[in-house]
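Each of the next two complexes has chain A plus one more chain, namely chain B in the first and chain C in the second.
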Partner chain A sequence: MTTATTATAVAPRTPAGPVPGPAPARSRSVPAWVWALPPVAVLALAFLYPLALVVQQSVTPDEGGVSLDPYADVFASEVFRSALTTTVWLAVGSTVGCLVLGFVLALVIAFVPFPGGKAVARFVDVFLSFPSFLITLALLFVYGSVGMANGLWTDVTGAAEGPFHFLTTPWGVLLAEITYFTPFVMRPLLAAFSQLDTSQLEVASSLGAGPVRIIRQVILPEALPALAAGGSLVLVMCLNEFGIVLFTGAKGVTTLPMLVYSKAILESDYPAACVVAVVNIAISVGLYSLYRVVSRRAGA
Partner chain B sequence: MLVHSRAGKWATWAVFLLLFVPLFAVPLLVILAASLATNWSGAFPSGPTVERYSAATSGDSLQALTTSLVTAVAASVLALTLGGWAALAAASLRKRGKRLLDALFILPVAVPSVVVGLAVLVAYSQPPVLLNGTRWIVILAHTVLVTAFAYQSVSAAVRRLDPMYEQAAAGLGASPARVLWRIRLPLLLPSLTSAAGLCFALSMGELSATMMLYPPDWTPLPVQIFAATDRGSLFTGAALAVVLMTATLLVLAAVSRIRTRASYR
Partner chain C sequence: MSAPAPAVPGAPTPGRTAPAAPSGIRFEGVTVAYGGNVVLDRLDLTVEPGEVMALLGPSGSGKTTALRAVAGFVRPASGRVFLGGRDVTALPPHRRGIGMVVQSYALFPHLKVKDNVAFGLKAHRTPKAEIPGRVTEALELVGMAAYAERHPRELSGGQQQRVAIARALAIRPGVLLLDEPLSALDARLRSGMLAELARLHRELPDVSILYVTHDQVEALTLADRIAVMDRARLQDCGTPQELYRRPRTEFTASFVGNANLLPVTVAGEGAVGFGGHALAVPTGTAAPGATATLCVRPHLVGLGDGPNALTGSVTEVQWRGSTHRVHADVDGHRLMADLRELREPPALGDPVTLHFAAEDAVLLPAGASEPAGVGP
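Let's turn to the complex of A and B:
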């Protein structure tokens, strides 16, 4: 109590109300916002200015002048439309898959504890620090055309080639994305579950509720904010995923980030790449703002 | 707690293992096993060899590893300075300014990293600043990408900081600079180092933006892995991937040692 009174006495400009933080940081001579300027300036130079140039480039076709022609051209092209639908359904599908799988796995770790459960939770953390394309690389060994599964099949049946060809289709990307992004759902869920009062479960169970009912009526309502936050984060990350799609090497699977890459680097068509980029930014920034709102509501 | 009968428990664990092992453990094990094999077209890899590792730690691959390490360290240090400074500055702002800074510094997470790569490429391939073709453009893009994570974790830590200490110090007559240097930064050290570890890991594995703008003489390890798998040398790719994972984990372990030494405070 004494320290608090001293602080208010020395920094009289701070009202005695509920804002304790700013007092010492606010220097006498320079206002606080001046200190925020250098990092903002660096960010503007390194990120905002480039972003603005992308928008500018998207409305300047190669012939010069300012027009919306690049947009019209790109929107009219079949490649763009199929890329847009592929991106969206892959992202939605992966998100649903991650939510279901993540919920089940987190449920078992938290509520049917087994020896080694802690180690599994730590493994999930480590998993998050690896790049996404490693999953596709591993899947190539397992389900690739000369991989383990097909090799087994040809050995057993004597057929010329195995039945697994889905890796270069959207299903391969879907499998890789669900594998890689499920831990991103599990982490917030495990955090939420660790705060859940287990006596609630005991009470419900002693009143005769079965596991399914407990999950539906006790656990699920508690987990909903974490599910919403994790799900929307995964949705945004799936929309922007590039490494997984690049590594499958599938010509048939083109997503928006892949289209940006191929337009810019392989075709050197920068206005078109910038148009796709602007569309991609609009979608993912919109969704990410939604995620921020949801997770703030959830208190995460 | 949820399942009480013995049989039910075992059934649940069996389902868990059936889902968890093939999805999460097998991919990493497969990469590890493949990196030690010459051939894999049956149930198990065959032709054990460690030759790939001698190839993966010499010549071009060694250079790619050092490139990745240098890039990741540089980007983490820059991002930590920039993001940490911004987070500390934001903490002393009023609500409006804080919200603006939050939005600005978290924006790079929301923007797809391929687009970040494209933007940096477009902006720095033209005057006034020409960085295209140099290593700096890669480091710049990585810094932009990981700054958001540094900002997020430092600002979360600043929010949890007990204001009592700095108020006491200021009350005893310490200048703001001294409060920052002697009170706030030491208290923030554990979260600063964990933010550094996060930034480092992200930058080590960064592929999307890097593919957009790497110059031929500055190819980080993920690009090298992609080049290997793209030309069909999956096994070389696997060995390089193991090198990448090991390097990342070693640095993360070293960083977390710093954290345990500092967090006794």
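Let's turn to the complex of A and C:
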């Protein structure tokens, strides 16, 4: 540092002409890319390398060598196609449910004054920190085979068992995912609503717009970037959700993460598990890229 | 009371911009309270059809609350609001048929200018074929027709304000509410927009305008009448000339223009005592011995000897371009005089004699509270 300062200070006094002197101070400083090395190294070691191993394993059949046979085998299997379909429809269904429910709840919290509204908004933040299995566990207590709802039903009617058995079906997974992921839509929406100039709503109202038109033509367009952000996040998280599906105990519901688990842990078929994992990653990254493109075009 | 200017030559033909909704506003004992806090106290006020009424007052005086009661955004605790003779107290805002312009413009950022202006027309289910013409008409009225395809973010503050006005007028309201519409503009733009608003009013003589402002210049320039508000109550109401020349309260005298407010005692008919000075001013019905406040506008105070001469010492001299404002201490009270630019202004501490004509003084009942807004 001292050297650099001295060089700069002396420079104007040197006679004109190409005089050999000390190299510019900048060349002595550490190049910027060097500072990027540590985080890149950590990232590579902790994430990229294991990911590369997964990809490598997916093209390494048990018989050895490098081949795309594991991909052909997995893609041809009915289990994979079923898991892919289930994963996509559950993710899309949950995302749509979260968007609708999250938008309505955020609207109420943001624009309908009621006692405890702020506390509810804060609870949304707390909810985000809950583990997904906790929500599923809570739903099991309510709607499980021996849960409160069925218990109440059998107490009242005297029947041997209650009517609520949906929790171990895809609908149970859908309900659990919507319950758990809705706050992930609400959070960005509440932030967007807090930025909305409320005089816009008042002016719209004075211009003759009723509540529905105001929501549709004033609030919704301004909330679109937040909806897109929350929706994309939820979609990706639902695609990769494992804990909720496992905890509901829905035996007939096999999603891609569950398939990875069963192939790797239960069947020890690592190439197949890695193929499914690669597909899962490709879908997630693809959706994220799509979100980035769409949000950039929307100016979000 | 209302004195709308006649339509200017070349103004839109009658009916083209005629209000579809009834005009005129009436407050009947309107009180608004939040919790136990009364923010508007028993307001009785009528805005005639075609009249521009300015609600003038400091922050927290209740003027915006009054406007919001007309718009329907606050529900009066008691009293009633009438629009065009119809009781709208319980009517939701979107059924009142009013135009409204707010300080922040509140343009819808995702809509183009033309769509912003069309918003109210669509909400009112105007026939689709009619909307483009009405949008163009409203935009032409404010000189923004060339900007129809732009988004609000591509416009300056003044242009956004014009679009906001066009949007409010497009639905042809009988009542236009303007809530501090020029506050966000710089001084030069504000002056231009004031002239624009005055022209608009001439072109729309049937529209009643309720104009909320804390700026006396805006109120004096634009309003047919001014309602002066303070501490949630209506203090005074009259034409700008009445309020300026013959204020009825100390608050009005001090808030509408600058004023010298001198504590006096009525000595007899046409005579008051101020300190050791005897002054000849109209005393009206004030009884001898009563304490009162004498109001004299600074620009009506002259330098040197004359009627009602008062001698004091100079405490401050301010050069204001075409005038000098001289502050003098007279028997412990401040007396201000706005004098045409002086070649040799007095120095601080110099003795000075100031005077005013009897007819330029107004005797006010002594106020219980300190006057607000007095000062340079």
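Methods note: the second predicted complex is superposed on the first by the 263 of 300 C-alpha atoms of A that agree within 3 Å, B and C clash if a C-alpha of one lies under 4 Å from a C-alpha of the other, contacts with A are read in each partner's own complex, and residues count from 1 in each chain.
Throughout what follows, contacts are C-beta pairs under 8 Å (C-beta built on N, C-alpha and C of every residue); 3 or more make two chains touch, one makes a residue touch a chain.
The structure presented is a predicted model; accordingly, all values stated were derived computationally and were not measured.
**Student:** Please indicate which partner A:148 is in contact with in the superposed arrangement: first for chain B, second for chain C, both, or neither.
**Tutor:** First partner only, chain B.
**Student:** So, A:36: does it touch chain B (first), chain C (second), both, or neither?
**Tutor:** Only chain B is touched by A:36; chain C is not.
**Student:** Just to be sure I read the superposition right, which of the two partners does A:221 touch: chain B = first, chain C = second, or both, or neither?
**Tutor:** A:221 contacts chain C only, not chain B.
**Student:** A:213 in the overlay: touching chain B, chain C, both, or neither? Say first, second, both or neither.
**Tutor:** Once the two structures are laid over each other on A, A:213 reaches chain C alone.
**Student:** Applying the touch criterion given at the start, work out whether A:96 contacts chain B, chain C, both or neither, answering first, second, both or neither.
**Tutor:** Neither chain B nor chain C is touched by A:96.
**Student:** Please determine whether it is chain B or chain C that touches the greater number of chain A residues.
**Tutor:** Between chain B and chain C, the winner on chain A residue contacts is B.
**Student:** Could you look at A:202 and tell me whether it touches chain B, chain C, both or neither (first, second, both, neither)?
**Tutor:** both
**Student:** With both complexes superposed on chain A, which partner does A:247 reach: first (chain B), second (chain C), both or neither?
**Tutor:** Only chain B is touched by A:247; chain C is not.
**Student:** Can you give me the overlap between the chain B contact set and the chain C contact set on chain A?
**Tutor:** 202, 205
**Student:** Spell out the part of chain B that touches chain A in their complex, as residue ranges.
**Tutor:** It is residues 1-4, 8-9, 12-13, 15-16, 19-20, 23-28, 30-31, 34, 40-43, 82-83, 85-86, 88-93, 97, 101, 104-116, 118-124, 140, 143-144, 147, 163-164, 166-172, 176, 179-180, 198, 201-202, 204-208, 211-212, 222, 225-226, 229-230, 234, 237-238, 241, 244-245, 248-249, 252 of chain B that touch chain A.
**Student:** Could you please specify the touching residues of chain A with respect to chain C in the complex?
**Tutor:** 197, 199-200, 202-210, 213, 217-218, 221-222
**Student:** State the interface residues of chain C toward chain A in the complex, per the touch definition above.
**Tutor:** For this pair, the touching residues of chain C are 71-73, 92-104, 106-111, 119-120, 123-124, 164, 167-168, 171, 177.
**Student:** In their complex, what parts of chain A are in touch with chain B?
**Tutor:** Residues 3-4, 6-7, 9-11, 20-27, 32-33, 35-36, 38-40, 42-43, 46-51, 53-54, 57, 101, 104-105, 107-109, 111-114, 120, 123-124, 126-127, 129-135, 137-142, 144, 146-148, 150-152, 155, 178-179, 182-183, 198, 201-202, 205, 211, 214-215, 236, 239-240, 242-243, 246-247, 249, 256-257, 260-261, 264-265, 270, 273-274, 277, 280-281, 284-285, 287-289, 292 of chain A touch chain B in their complex.
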